[in-house]
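What follows is a set of structures for review.
The two complexes that follow have chain A in common; it is paired with chain B in the first and with chain C in the second.
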Partner chain A sequence: MSYRLRMVVFGAGVLGFASLLIWGLGGLPDFGDFAGRYGQYLAHSALPERHATSSIAVTTFDFRGVDTLIEEFILFTAAVGVVALLRVHRETEEVPAEPETTRWPTAQSGALRSLITALVAPVLVLGIDIVLHGHLTPGGGFQGGVILMSALFLVYLAGMHIGLGPLRPMAAMETAEGIGAAGFALIGLGGLIIAGAYLENFLPFGAPNHLVSGGAIPLLNIAVGLEVMGALLIVIGEFLDQRLLMQKGKL
Partner chain B sequence: MSFLPYAVAAWLFLIGLYGIVTSRNLVHLVVCLSVVQSSTYVLLLAVGYRSGGTAPIYADISHSENVVDPIVATLTLTDVVVEATVVALLLALTVQAHRRFGTLDPNEMGALRG
Partner chain C sequence: MTAVQIATLAAVAFGGTAVVLARDPARQALVTSVYGLTLAILFLAFQAPDVALSQIVVGAVALPAMIIYALRKIIRREEVDREDR
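Let's look at the complex of A and B:
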C-alpha cells in the first residue's frame, strides 16, 4: 500500500474515530464532578477496617488483591516471554557477559563512573523506603520495585567497566522474581487456610500510621517489589546481552 | 476548562495513532504505542477527580477530607504495568525483526518478504 493511500485510509478512519471519541467523552461527568460512591466507600473504609493510611494500597492489595496477583503474573509472564524471544542464540555459544576489552560508551569517563557508583546506595535506600512505606504513604511494591531496579542497574552500568564479571546478578534476579511471584501467591494461600478465603487478611492489623500495620499488605508490597525488580532487571539484562552479542559480531 | 483533561487524553490518543501510521522505525512505533496508552492514564485519572479533592492517603489528612477516587488510581497502576510489559515484548520482537530483515523500517520489511 502506497504512503498516500495509507494516509487517505488513516485520515478517513481517524475522522470517524475522533468524532465517536468526542461524542463518547461528551457523555462523561464534568471534570471534578465524579459521583461514584464505590471509590469513596473504599477510601473511607481503608483506615478503620485495615489500619493502613494509604487507601490506594488497601484497594490494590486487599479489596482488589486477586487482580493485583494476576497483574503481577502478567509481568512475570512478560519477562519469561522476553527471555524466550531473545535467548535463542545462547545455547549454541556462551558469550561472557562483560567483555574484557570492550569499552562501554556510557561508562567511559571516570567522573561518570564515580557518580554512578555514588548514586547506588541512596537510590537503593530510597527504593527500600518506598516499598516498606507502601501502605502508609504513596508508593508500594510496583513503584519501589522500579527504583530498586534502577539502583541495581546502576551497579550494572558501573560494573560494565570495572569488571564485575562474577557478580553478574542474572541468576539472583531470576530467583528474586520467582520468590516475589510465589510469595504473593503463598500469602494469598495463607489467607485461604487461616482466614477461609484466598488473599483474606490473616495477620493482626497493628496500630494505624505505624510501619507494622495493615496486616499482610506490607508483605505483599515486599513480594511485588522483589518481583518487579527481578522482572525488569531480567528484561534489561537480556537487551544488554543482545547489544554485547552484536558488538562481538555474533549476530 | 472542565473538558481540558479529556481533550488532552483524546489528543494523546490521536497523535500517537498518527505516529504509529507514519512510523519509519519499529522502535519509534513502539514509543508511539506507549503515547497512545498514556492517554488512558490521563483519561482514568481525569474521570476519578473530584473538585478540591486531595489524594486518598490518610497519613496526614483528616478522615472527613474530600478525596479523589482511589479505584482509578489502582486501575492506572495496572495500566502502567501492562504498558511496561507490552513495550518490553514489542522491543524484543523488534530485535528479532532486525535480526531477520536487517532493517527497522516497517515499509522495507514488507518489500523484502512480500
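Let's look at the complex of A and C:
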C-alpha cells in the first residue's frame, strides 16, 4: 500500500471517528446535571441507611458489594498469574540481569536517599489514614492500598531490594494478599449467615461521622487495602527479581 | 464549566500529545508519569476525588515503573544475546 493511500485510509478513519465522538459527546448531560434516579437514590440514602458519609464507599461496599468482591479477585488472580508465570523460569539456569560492573544501588545520591527514606513513614501513615477513613471521606481500601504499596516501594528506591532483603517481605506480602482476599469473602459469608444475604451489613451501624460507623464497610476497606498492597508489591517484587536474575537465552 | 476544569482539560490534551510525541520509550515512561498527574488533577477538578487518589499512585508511579522495568529487561536481553555471539 502506498504512503498516499495509507494516509487517505487513515484520514477517513480519523474523520469518521472524530465526527462520531463529537456527536456522542454532544448528547451527554451537562456536568453536575445527571438526572438518573439510581444515582440520586444512592447519594441520599447512604447517610440515613448506613450511617457512613462517603456515599461512594457505601455504594461499592454495601449496595453493590458482590461486584466489588469480584473486582478485588481480578487483581488477586492477576498477581497469582504473574507469580505462576515468573517463578517457573527461576528454577533453571540464570544470569545476572545486569553485569556486575554496572550494578549500583538505585539511588546513589546521598541527599536523594535521605529524602526518600524520610518520605517512607509519612506515606505509610497517609495510606493507613486513607484506608481507615474510607467510609467517611474520599478514599478507601483500593486508594489506601496503592499508597501503602508506594510507601514500601520507596524502600526499594532508597537502595534496598524488596524481594531479596534480609526480612524477605515477599512472604509477608503473600500473606497480606491472602488475608485481604479471604477476609472480604468471609465478611460476606458473615452477612449470609447472620443477616440472610451475602455481603449484607450485619454489624451495628454506629454514630455517623465516627471512625467506627457504617457497619462492615470499614472492615471491608481494611481487607481490600491489605489485598491491594500485597498484590501490587508481589507483582513489582517479581519484576524486580527478574531484573536481578534472568534466565539465559529464553527470557 | 469552570476555568479550572477548562485548564485541566487543556493540560490533559497537551500531556497526551506529549506522550505520543516523545519517541524514546524511556522518555515516554517519564512523560506518562507527568501526564498521569495531570489526569489526577482533572479527576479532582471534576469532583471525583476517589478516582484521583488512585490515579496519583497508579498513573504517576506504578505504570511508569512497570514500563521502565520491562525496558530494562529488553535492553539487557539484547546485551546477553550479543555477548553469546
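Some observations on this one:
Following the convention adopted for this analysis, the second predicted complex is superposed on the first by the 212 of 251 C-alpha atoms of A that agree within 3 Å, B and C clash if a C-alpha of one lies under 4 Å from a C-alpha of the other, contacts with A are read in each partner's own complex, and residues count from 1 in each chain.
Please note the rule applied: a residue touches a chain if its C-beta (ideal position, glycine included) is under 8 Å from a C-beta of that chain, and two chains touch if they have at least 3 such contacts.
On a predicted model such as this, the values are computed, not experimentally measured, just so you know.
Judged by the touch definition given at the top, the superposed model places A:136 against chain B, while chain C stays out of reach. Once the two complexes are overlaid on the shared chain, A:147 sits against chain C while remaining clear of chain B. In the superposed pair of complexes, A:56 makes contact with chain B and with chain C alike.
Looking at the shared chain after the overlay, A:14 reaches chain B, while chain C stays out of its contact range. Contacts of A:46 after superposition on the shared chain: chain B is touched, whereas chain C is not. By the touch criterion stated above, A:128 is placed in contact with neither chain B nor chain C.
Look at A:31: by the touch rule set out above, it reaches both chain B and chain C.
Set against each other, chain B and chain C touch different numbers of residues in chain A, with B touching more.
In the superposition on chain A, A:119 makes contact with neither chain B nor chain C. Shared-chain residue A:185: touches no atom of chain B or chain C. Where the contact sets of chain A with chain B and with chain C meet, they give residues 31-32, 56, 138, 142, 232, 239, 242, 251. Chain C makes touch with chain A in their complex at residues 1, 5, 46-47, 49-50, 53-54, 57-58, 61-62, 65-66, 69-70, 72-73, 76-77, 79-81, 84.
Per the touch definition, chain A reaches chain B in the complex via residues 3, 6-7, 10, 14, 17-18, 21-22, 25, 28-34, 36, 38-40, 42-44, 46-47, 53-56, 58-60, 64, 67-68, 71, 74-75, 77-79, 81-82, 85-86, 136-138, 142, 209, 232, 235, 238-239, 242, 251. The residues of chain A lying in touch with chain C in their complex are 31-32, 56, 95, 97-99, 130, 138-140, 142-143, 146-147, 149-150, 153, 232, 236, 239-240, 242-243, 246, 248-249, 251. On chain B, the positions that touch chain A within their shared complex are 1-6, 9-10, 13-14, 17-18, 21-22, 46-53, 55-59, 63, 67-74, 77-78, 80-82, 84-86, 88-89, 91-93, 95-96, 99, 107.
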